[in-house]
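Written below as structure tokens is the structure these notes are about.
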């Protein structure tokens, strides 16, 4: 069995790989900050001297593959944590996990890795990509909507998102539009929405695209039509959209106002340290740090027995801010999902707020395909 | 369907006018001073960040706009003086390399100053409503304002370049700097003015879209390529070309995305049409450019080599 | 009007001019003669600051303008008809004349009077002119800045005999109106009929200078330095 | 040896008829001068003959073969070469390389990817010979952009000569070439006379009348006279349209 | 008159100088892996492979950009063809590097032939933009190619084999195979630019009307060069796919095309060896500056601006100014 050289020394090395430049940097920075917050509050992770190396993948898969190899081969990290985006994940899975190093994704959760290509050295603290969309589909279904307008950027994740929505929504669609990736002006799509007057709009517009869509949506006077989304209205975009987004609905596995002990500690700590409301990206990375901590502590710092390590991680013995958390057979989380709404918080900042639990202990649709 | 068409035309016009504002500066600097300025998109971004800052500081969009203009002039003059001026006599490739460097510097500097999260600019109250259009349709006042402002600038520029002496000197300087100066014209000052004018227009475009779009570090880059497409379709150095090119690109983009799939469905079965539409949609602008350049290798109004 | 002394200049590493002295008084016509590649054009370019002088002095109207920017030389009253025409291809004829014009006795109307052909082609772009038309335009353009000293570098190249004769007549008229002229041309015979002074350069040095009378009296000059 | 015939050639730029029904025969081995006022359409005619400009109507034939539809490079292959009134050389190449390329064009395949061309002595020697003809061999290693105006003109000529044409179209070869060199050049052309057909455009009447076997006068795109130099010189219409008094001086 | 025989000596000094520079570069490349091992940092070998691959692409671009004034802003498409050639063939069980290269070159030749023939109607910046357009079309095509992962790309299970041997399996082996390819392709390009064909190509760059007037049809030569360049670039793509063991449309985004141009100009246009050095400099700087500061892009940008302002002919020019390399004339 493959035991990375790194497993033998007495420093715990963790590599974080996130997109820290370009417009999506806001997401990467949240995740990084979430992880570092946990590291700070835990002190020595796993009771070991800890070294954290942060690298920027610049949103480039080819570069990310090299950086990941660099973390594993040159820096000898025990864990690689990251990334944000699926295409980066696809590029680094092989280089990291083939050496026996553990990869913990804190956001991207591609279907292949949840299903047929599941991997004993790969864990995710986030979700399977389709799940938040399914939440919104189920919500739309429960509201009895009959014609929903669907919109997503024209790339793999966008197509998956609409598929995910339709997985749990059986009504008709008023239109299905794929926008250009990185599109910033949605006047043309909004014109269509205005013309069709659907029961609701569902969209997946991460990052800057979402900010623009939300602002323009309210400017176009369309707020009477319910706006359902995933990864669009969240704590990374709310500072820019502010009031324009208030009242919009999303699907999530957590919200900052979820009432658990652990969540309060996390959210308060984050706001105190970074003066911003944390989003899921931060929470999931925070959990990755807790996950590593719990596993390493269980083993008393001896990482050479890889099976034991994997078993320890799989136990997921820590208090997640989101409450219930465990790993399914495919190392993807089994967790609850909520309908969340954008609100202006009491502290004057903007954030999402839990409105309704949609799924309880939800398992993704690909777990059955995983032979592990 | 008709409603949608009209609305899309208006959207196309608005996008086109905006593209024109950016492209005008690029085509002037490029056609007249023969400088390829990749940092032009950066100026657009800076304009947006400037107005975001000033509007936040003063609490008013209008004050923000007013303060942004002199700041843009300063930015233009400084960039011209520090870098661009030294590139006039250099090859296009050197210009590409240097201004590419400027882009990197500016993007990083903006991120260091303003952070990576997008900023937003509130829309001025008087322009924030929408006006009723036919039937249930409404159109945002602010976008109409952009159209009007853009058209005014277009007309002004067109007159300046084609009918004033400054315009003549600019065109003359484009082809033969040294002779223009040997005939008694301070070409450096003239070029500095043009560059600054282009910079201010780009900043203005950035400032105008700030209330509609998020202000983020990538906005300059995404618009740069599109602006180059516009300039090249119109013919380098031609204000008229930039204007028509901008409208063409914008209309093809807005209408093509919506009506393209509908047309495709006429000839293909829905699944294939959907697939085809998804493949073609992002290419649309590029296909347009390739077709136009194939037919007119120097753009619509460019001078053939 | 124009006093050049000890002028040295060159391109890159090669030095072309090795101390040129040249003087043009107000109202005087001076020629610059020499075979191909001897440095005539380089001299003119250095006077206009298009080639940076490495040594020597250029005084215009008593002011030291050595090494200043070209436009300041032109503003000091020098009009330039460059070698090889160099008209602006993207401007039409009239714009070519107007773009750099300054007020004075030369107006568009007078230029058209001098070169009727240009009026016929006034809407043609600069590069849609015949070689000779371009040459006329270059001369017209220099006159339109209403200079006190006109510098013509091979201004009759490519002109038909009739037009060439017109140019000579025109130069004569300019001279009569008190304008100073510095001219390079290979038609030495025609030049001697209007010029007062001649400067012959060879390999970047002045090898002979004198008045028209002297040059006519010493045919060896033509033989030795000009090979005509 | 080859002759060049032109039948009813026309060309307009917009409303302007620049070449107006021109028909000419350039007999083999002769120097045929075309003179005329500035803007008469001489350069345009050359461009039409060389294939750089497409004619509106009419026909051009080389040695009896119709070439009206052929491109410029194809006409060159049939032995037609031109020089440019406004110098057009390869500025970054040395004088020698400029000419060597012309030699190479005539010497068969340029789709050779491996042999180092700089070592092909045959090319270099032929090029040097052409440079010598033009009096430029001492500047062989200079980059063309560093040449003076007059030297440029000579290079222009050397390039045209190096293509070893059967028919040579010269557009003001003497412009900018001064003094004795002009005389040398005239003498050289004199020597070439009979070797190939030359169409000569020139405003230097000394040269024209010294060299030409035939002279045609082009005014406003039309040939107003063709004939021997003497006949043309004394034609009153030609004198008023073009020559003026200067011929008097020259003659 | 000067001695005529002296004038005949062929003008080949700059070429010879560049050859020397290239040989020095190759020697350094060859010594790098043992050195990296000695310094206990064998990881550089892996980065080195990526750098060499980009060096191949930059050199190929220089062939048309530097010698033919054809600034292709869509050259990343060929990197993509190379990379996808590996992905597609290996899915069908073909793992041989040479077959993959042939396949990549084949697709590239066809694509270069069609797009080149259209693009060559234009010149200058129009050419830049029309090649960008075709590059983007290829990019979006692969984005919508869901069979190969679309935007997410696909991972590769193993590296290619060379005639059945696992030469690429180790990072060292892969590095040296890449270096061998680089050297072979460099000599190929070097011969091409010095040949009759190369001289015609440069002549067209200088003045295409003049070339037509002495009997060359520019189109044929330019198109041929364009195709050659595309094919060579695809070889770099084949290497990159192996190096990253991953293929995605990101390989062919316009940013990559832009970076290739930056490498060429940074290194020195029209020198072949220069762009190789340019690729090394750009990617190494990125490594080093990236390790020094998270704001490395700022410093990289400043570096680029300063290079242009103070060293007009890129790294080649810098070396000349410092007196290390021989000046051109």
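Letters A, B, C, D and E name the chains as they come in the text, with residue numbers starting at 1 for each one.
Following the convention adopted for this analysis, a residue touches a chain if its C-beta (ideal position, glycine included) is under 8 Å from a C-beta of that chain, and two chains touch if they have at least 3 such contacts.
In this text, all values refer to a predicted model and were calculated from it rather than measured experimentally.
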- Item | Partner chains shared by chain C and chain D (touch criterion as defined above) | none
- B-C or A-B - the one linked by more C-beta pairs in contact: A-B
- Item | Chain of greatest Cα-centre distance to chain C | A
- Query: Just how far, in Å, is the C-alpha centre of chain D from the one of chain A?
  - Reply: 75
- Provide the C-alpha centroid distance between chain B and chain E, rounded to the nearest whole angstrom. 32
- Taking each chain's centre as its mean C-alpha position, how far apart are chain A and chain E in Å? 38
- Quick one: which residues in chain A touch 2 or more of the other chains? 20-21, 154, 181
- Item | Residues of chain E engaged with two or more neighbouring chains | 143-144, 297
- Message: Where in chain B do residues touch two or more of the other chains?
- Response: 278, 282
- Pairwise chain contacts, counting only pairs that touch as defined: A-B, A-E, B-C, B-E, C-D, D-E
- Flag every residue of chain B that touches chain E in the complex, lowest number first. 30, 36, 83, 86-87, 90-98, 100-109, 112, 225, 228-229, 232, 236, 275, 278-279, 282-283, 286-287, 289-290, 293-294, 297-299, 302, 305
- Parts of chain D lying in touch with chain C, wherever the complex brings them together: 13, 35-43, 85-87, 146-151, 154, 172, 175-182, 203, 205, 242-247, 249
- Query: Along chain A, where are the residues that touch chain B in the complex?
  - Reply: 20-23, 25-26, 29, 154, 176-182, 184-185, 187-188, 191-192, 194-195, 197, 208, 211-212, 215-216, 219-221, 236-237, 239-242
- Query: Residues of chain A touching chain E in their complex?
  - Reply: 20-21, 56, 60-62, 65-66, 69-70, 73-74, 86-87, 90-91, 93-95, 110, 154-157, 159, 181
- Message: Under the stated contact criterion, what part of chain B meets chain C in this complex?
- Response: 165, 168-169, 171-172, 174-176, 178-188, 237, 303
